[in-house]
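Pasting the structures here.
Next come two complexes built around chain A: one with chain B, the other with chain C.
Presenting the complex of A and B:
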């Protein structure tokens, strides 16, 4: 008899250790590539950081401080030793430790990602199942039109549309920022909703939630539409399988069959896409962050790239890589939990 | 049928499958009935519409399938027009169906227990039912189907079990709902030859023990002969012949059935048998007149090509759709 604990244990033994080692190696590879790439691209980081009017000797000094005159592998060595002390180097735009910058801007994006994930997953499961369980029905047709539009319209356009309708015309949701003026929340985790709950400030929690809805929707809609279509096609295939017809022949109500017995074998193809879409927000949320004036990491990353902020670029890309890796591990864990064949297959 | 009225009667059923480009006329004016306690066989080559017929009865056709005409009565309930709730009740408590492919009939990502308890919960709606009662019922059903170590099997995933074992589970599940009528759709097709006879015998014994009526679809003619009272022969979405089992096998009337019997291997004489000249039916555009005429040794008459033969009652309870046995007018 397999208990829940045993299931989790076998998942853990099979995947987690192997994946952890592989992930570290690929992150190391990623750092090497982005480190080199950032330095190969033309442009003088020191000059750009100090501005066109800075005297040449100061710029030269700055170059030496950043080891920019040394071979790339020596620079990489310096950077790596720094990394093992927990330092990513000084940002050339904010002139602070990059890790401090990341710690400041990342939580806003993480919070956004969290809510996008909730909306996206719930929406995908509901729309995909409704659409796929009755292919050809009116509801299916309507949902397919909606998902088509969802795929075609980019996130920032959704952002503008939502802002126009819900904050300008109707005026129910705030257009920008994370909190209304006058409401403050002490910074603990950086996730405003969590901090508000932790300090028992329920009013701030609701306010933060209210601010999150439009940007999350803007980011979720397109991805959700695409994922719902993937789920739909898997569903359409599975609802004619004998194991679904068998349950139908036993008089099990449709909603139980579709939302449980047909959904579970159908989601396998959708989950990796959901994972990737959510992870990609770390960089792709840029336009939406700009529109909603959201102090997130995407904005920081793009600025670093435009200003050729070497340490900033490497830091942000590595962090994005880390988030992708973690997401992939989570996706794999979910897949093994869903499909028992993956769980026992290896033994 | 006169008398007590049949348990199940299907009248003039038409079923079509629609794909994007084509319409397939799969069942064409099919009528069958099953009396209380009767075991009815349904034979015919692959693609004759047997599975479609069984799935139509419980209205569990795949999404492309549409019933376009006819009636299906279970006792006095019109299954095509009754309320959704009534249909669910009959599916839950009266009729059970064994699907053809045991490897496909169990959900790969749920345990046997998940699936059996789901079925049992709806087949036995009683307020005082709790989970351990349901588990005991599931174990009893598994024991009925002669599954060794039912506790282990109940907690397994389907892929951890053999084909024969899975077929027994499917049978056990069908029996949970089949209190009166069992629809067995080629229950031995996809399992080992050595197990096939065992499974069929098991089904026969259980049907006898529980006093069920049954429709048995099978290619194993010998077993159909042994297990059924009456047989329908299907060809190309039509009922070619209907007869009491012993009469059908001793003296087949329809040319298709005659040929079918000749294909059955025999121990004496030459072990190789002749097949039937094979032209699969194109259901998009079925042959005019008698659907069997392109393959029939007597099918070169004009009437066979032009007129669809009506069911002709040759003797009481014995129908054949063939122009050899009467005029088509």
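Presenting the complex of A and C:
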């Protein structure tokens, strides 16, 4: 009996759990803010949805249907109950349910994010460890320059540079879209690479991968430079510690020391930054998807924003908030697995 | 009587001297770093160019609406260092006017966000565990639960896409980050002995916040403001780049990138000016911020 009580207590005291609950509450607050903003703005949603030539009675009926005549908190209540049923309203740009639109465009962005995360983590670990294990080396100097350039160049500029060099000058990688014309993949999960593998279409898989490389690099480069720099400085601190010297004196090969024993304690300070950067990808993808004509969430989001499609905008904001929050909670969980000190809050 | 006033004058003089000494030392630490000095020079040069844009630029008329079809798509040469665009405007001129817009945006955003965010953070941190803490920090959490760019874009879209609304949107997105930073620093400092001493002497809460706590956290806050100026440029240009900020004839750097991207692979030089402009601006603020960090870290 007592042990069960202790488990419950530790769950409550678990900072990750508490933060997850708080973030969900923040999302509710976010929905309230964006809903209010979308409703108090001048303009009649019913008139905008039906067009200027619709007869007044129909507009009136539509208003009643959407509860637009009632006070704003009642509207919020109806909207929220619909939200929990997965209904976000009709998009004015595609004339479909917003959630259907998001479900169609989101996988492309998620695939991009996944790929960027892989590149970013691998690049950070390799660059950071290599330059941290030999401070002052040529690679270390190159990383320093790369970091400054990486901070100064926004993702969309990286996109333009990479597109110019690798698809127009050299012509190695395709400039736009997810697949070459003529290659089709049946939609199962929406992630083209996964679908291609699932259907055994190896040519499409390689083609999709080929298309992914440039946009992912554009998104990964800037953040990777900073993360590698943070890992490097933690690494420099750790390789001067006694235990590393002990390992060296026992004749354990350098790469194993650096990539295993010195990396583990060093990486703890880098993970929160990597996590935040990966979560922010949902926003940064907006800039890069436009350049590479990627049929992701930005295609839907930007069209909705430019056409002032309120339901679409609210949907995109909530979806981005959800993905951002969930990614952050997952990162918190990973951090507690790596660093046991964080598992319970300060006493 | 005269003795005490003499003493007082002596103390005041001493204090003045110490202040000057501290400034001197700070400047010494700052100029020790070559990167920080580069940042300062770059920043001042950009600022001067932005302020005197009309007299510095070769063709001040080209900044906004100007058309000269004879000169369109002219590659870079001595008359047009960065070439001309699809309407025959000198791109260098437009980029320098873009610097001016960027500085205006930074100035407005930071001068609103910095005081508001700092005061809210101070109050929340000082009354940690009481209602001002929960009210402010939970409200700040809402704005932190989404990447700033997306909410800023949506606010621009809902209001009306133009540069004023872009500034409003960035401002709305920015204060929670300051509040959170000031909050964590204040809640650490509020238990220091000198704060307890001030409280025991009966000093009012407001005075403790602004006279005892604020001076001790100002350094990191100012550093963050400088580094954040770079983020304001980034977010501002991203909003404009996506078409939801400044609208075409305005010489905004992000707008120019999206305008010129259409002609991209063929007339490649058009894109170089504005992208380089954004990069240089961000670099200047980052170097400057790094220098400031070293100054305050040495104290």
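Following the convention adopted for this analysis, the second predicted complex is superposed on the first by the 282 of 347 C-alpha atoms of A that agree within 3 Å, B and C clash if a C-alpha of one lies under 4 Å from a C-alpha of the other, contacts with A are read in each partner's own complex, and residues count from 1 in each chain.
Note that a residue touches a chain if its C-beta (ideal position, glycine included) is under 8 Å from a C-beta of that chain, and two chains touch if they have at least 3 such contacts.
Every value quoted in this text rests on a predicted model; they were computed, and no experiment measured them.
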Next on the checklist: Based on the shared chain A superposition, would you classify chain B and chain C as clashing or fitting together?
Outcome noted: fit
Checklist entry - Between chain B (first) and chain C (second), which does A:201 come into contact with in this model arrangement: first, second, both, or neither? => result neither
Checklist entry - Does the superposition put A:94 against chain B (first), chain C (second), both, or neither? => result neither
Checklist entry - Touching A:34, do we find chain B (first), chain C (second), both, or neither? => result second
Next on the checklist: Let me test your reading of the model: by the given contact rule, A:338 touches which partner, first (chain B), second (chain C), both or neither?
Outcome noted: first
Item to check | chain C versus chain B, contacts on chain A by residue | outcome: C
Next on the checklist: Taking the superposition on A as described, I'd like to know which of chain B and chain C A:233 touches: first, second, both or neither.
Outcome noted: neither
Checklist entry - Between the C-alpha centres of chain B and chain C, what angle is found at the C-alpha centre of chain A, to the nearest 10 degrees? => result 80
Checklist entry - Thinking of the overlay built on chain A, is A:261 touched by chain B (first), by chain C (second), by both, or by neither? => result first
Checklist entry - Thinking of the overlay built on chain A, is A:303 touched by chain B (first), by chain C (second), by both, or by neither? => result neither
Item to check | CA minimum distance (chain B, chain C), superposed complexes, angstrom | outcome: 10
Checklist outcome for this item: Per the touch rule above, chain A residues touching chain C in the complex are 22-23, 25-27, 29-30, 33-34, 37-38, 41, 148, 151-154, 156-157, 160-161, 163-164, 168, 279-280, 282-284, 286-287, 290-291, 301-302, 304-306, 308, 310, 313-314, 316-317, 320-321, 324-325
Item to check | Touching residues (chain side chain B, partner chain A) in the complex | outcome: 55, 58, 60, 62-64, 87-93, 96-97, 99-101, 104-110, 115, 118-119, 122-123, 155, 157, 159-160, 170, 173, 176-177
Item to check | List of chain A residues in touch with chain B within their complex | outcome: 1-2, 134-136, 236, 239-253, 256, 261, 264-265, 338-341, 344
Item to check | For the chain C and chain A complex, residues of the former touching the latter | outcome: 138-139, 141-151, 153-159, 161, 230, 234, 237-238, 241-244, 257, 261, 264-265, 268, 271, 275, 278-280, 282-283, 286
